[in-house]
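Here's a structure for you.
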């Protein structure tokens, strides 16, 4: 069953749900999913609609145009149309740690994620054997410790992304700060996993910071990458209880389990087109 | 701001959201809350709508009738209309343990719960002092150990409920099994807290059962009371981690904290009219 | 059954457990609790011992002296001896919110906490009725908005604490910063509840901060008060999941449930003499 | 640093900690880990000791004998000695689902688990490619639907286990009931993952059972296999919150994440020799 997905937000207005759902029902679409949310503080409306393409009177290639003409300008709607039969293309960036990469690839292999993975990118050779196990091309660009070649490396990476028609990028513990130009190419399409319960312990070595502070719980946070470090819209967080017996090393081990699960939940929500971003926050449909 | 709340469910049908929201918007109602859910397994539709009464063209006393005439029969809708300015009236039934009672009354006193509490009912004198602290009438009926007077006691209790116009009853660790006739008077309006993670450890002494089985997590469950013991629709559950060091006594202490919070969350959802029941399960709007 | 409790820490040394337990067993003491922990990073040893006084050969009033003479100097041990039949005396400081106060008093009334509560102190009259419900003396000192009378107020409060022989103080959402002199009088004996997952959202209005940042989980933290704001040794933390639907107000409501439970767990561990502090962290025995 | 690990339990007795630790300190052993627990209900004592072999006066091959002679009979101690430089040998049994297998192998590959994995055993060919990715021998025995060849298959499996010197077996969603004779060969050395929060939903299709009952939380349980189905000593459990929106399929997906983490935590505790079993329960050292 092929479906169209409409993800939108706009200033709130009386009767807007009735209006928008009429667009589907008047054109003989069968809605299979509807969720909406009104932010009563900011008076803003958010919606996700999904309906069967079979029998819908507007041809799929015209849906976005029609909706734009009929609704978008009138209501000031920011929207995007997706189709369920078009698999998103995801690039995974890694460094030396394998846990998030294995977790994503095992899910991919088991058919849990409806996605294409045309490449794995790294700044080290270390994980090439994992890419080979799963027969996915592995590209390496060494970034100099002084970052002197960063701009050049990122140009090459962006060229690869374009060539492989990558829709979004997952930083699976990539351990490099991405440049603003690269980020601007993929707005809200680069997903990072930070190994702390943000906004606690921003930056380097969060498990050591947590150990020093003596917290009783540690966390992991998945967020969209924006220009400010570790400050983009948060998609998912989770935590695990620790004790005084934990060392920075045991924290890191417990944290790895969190990182895997938090990152995969975020990727999954992104793939399902269930995330909207607004004012540096995410609205996540259920 | 006074609002009307419409809680409904019916067999799913194409265009039903548009149809129902039109009832509000065509009559100049301003929707302040809409949530709906379609059960794709059972092909059943559930909805909660809330709109401002101010400016709505149908007089409040006619809303239920109009909706019934115009929609209910046509779509096979089971529905109920509530008004935000009508405070529900809640009776609390207790036995000897004070933790859930104190928790509910402290929230009531702090204005956290929009409710009237005309009475506290018990089978023991033990908690009369708590009722007196909060100046709420306290009624005691002793139930004989052999339950020989149970029918008689419940008749008297039902008479009191009727006299005090009670809308729903909270069993805050009442420790008595309610008779079928009483339950039938308050369908899905008696909320119980069971001190285990149902369906594990049904019946008596669940903390002892948990101790014997050696579980690593214990829970508490709030549910609507139905004729079958501990088998009604589950409203809320929560759990807490335990270890081999816990005794039945320490389990009971940890459990008390769960019971309070799980029961109060369930009561709150009930008060907010955010629960629908269908096929012995609950749909809980967010 | 009366017991003695020995809480100690010292630099780690081979054979120290054997040595210290011999102090009890050689003097015919029956150990009912032993827990110890070695911090292998700092090479430091921590221990909690509890044994029956009945039959123990050293008179209770001499135990501390004997242990000091025989062990403390030799091993550089920092220690304290407590007796189970001596109830600690706790003062509760509150401001305007009742939830933590009610929770502590309900537990006290139900016999869950082995403690005396000789007074409740506040900077407002608001919660006098709660103190009266539980028949506990209630003292009010208004603190000027510019804190001009803070030193004077704290002198008076300290005098009261001394007069009432208070052992430790619980800040149950007191909303005032305690002066250094007061803190120095009660080192690691003032327990605060902060309504965030520290170190995230230090300072004022943490729920608003959490709302602005768009986190998916909020927390509460109980810690010992030290001179630096919200930076003392953490005793207990817990968290609750939130969504984009939460407002600062609903966050505050969810948070209140966390605050109660986190504060009461911390008070309980303190009462049980199961907390040691070292390098601004806590060791919490199970 | 090579260490010896002594895991023991016996009826509780005054002074037993002093006695046993003297065995180490008198023979010049440096204790690096000590944890003990006294079950005050059953008056039973449990202990885990770990000390450096370097400098210890009793030769490693004599430690077990000496401890047995000097202590075991006198105190009725049930004990076992392990050495940190002897890697346990683990067999993994799987059926058709890859998630637990991948998770274990990714941890193994990353050096998170100090173990040898000489074989993977299955009743299906489906996961041979995973075994090949990690270059581990894969053995298949088809079990007839009527189990007519079960005894024969298990004889062959036991022969393989013996040949490969397997210490313990992990059932990573093996989906077959193990025969009593096989279980008797590996008492408390077969670890299973059951996809429910035991004792709720014993047996087949627990996610469907959870869906039908309408629970708000689902869990996973790792336990030692005993003759009674899903009733062995529980090692680890964890849970995840669900809603009315979850289907049996989405429950199964959420559950897979639980199963992986719960199973791996149990395997890790087993590998670290931190589990004792007593009266069908586990004592798990921290």
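A, B, C and D label the chains in the order they appear, each numbered from 1.
Simple rule for what comes next: a contact is a pair of C-beta atoms (placed from the backbone, for glycine too) under 8 Å apart; a residue touches a chain by one contact, two chains touch by 3 or more.
Everything numeric here is computed off the predicted structure, so don't read it as measured data.
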Common contacts of subunit A and subunit B?
C, D
Among the chains, which one keeps its Cα centre farthest from the Cα centre of subunit D?
B
What whole-Å value do you get for the distance between subunit A and subunit D if each is reduced to the mean of its CA atoms?
36
Whole-angstrom distance, CA centroid of subunit A to CA centroid of subunit C, is 42
Residue numbers of subunit A (touch at least two other chains)
40, 243, 245, 286
Give the list of subunit D residues in touch with subunit C in this complex.
14-15, 17-18, 21-22, 25, 30-34, 36, 38, 40, 241, 286
Quick check on the complex: what are the subunit D residues that touch subunit A?
97-99, 102-103, 106-107, 109-110, 112, 133-134, 243, 245, 253, 256-257, 261, 264, 286
What part of subunit C is in contact with subunit A in the complex they form?
37, 39-41, 197-201, 213-217, 219, 233-239, 243-245, 247, 280-284
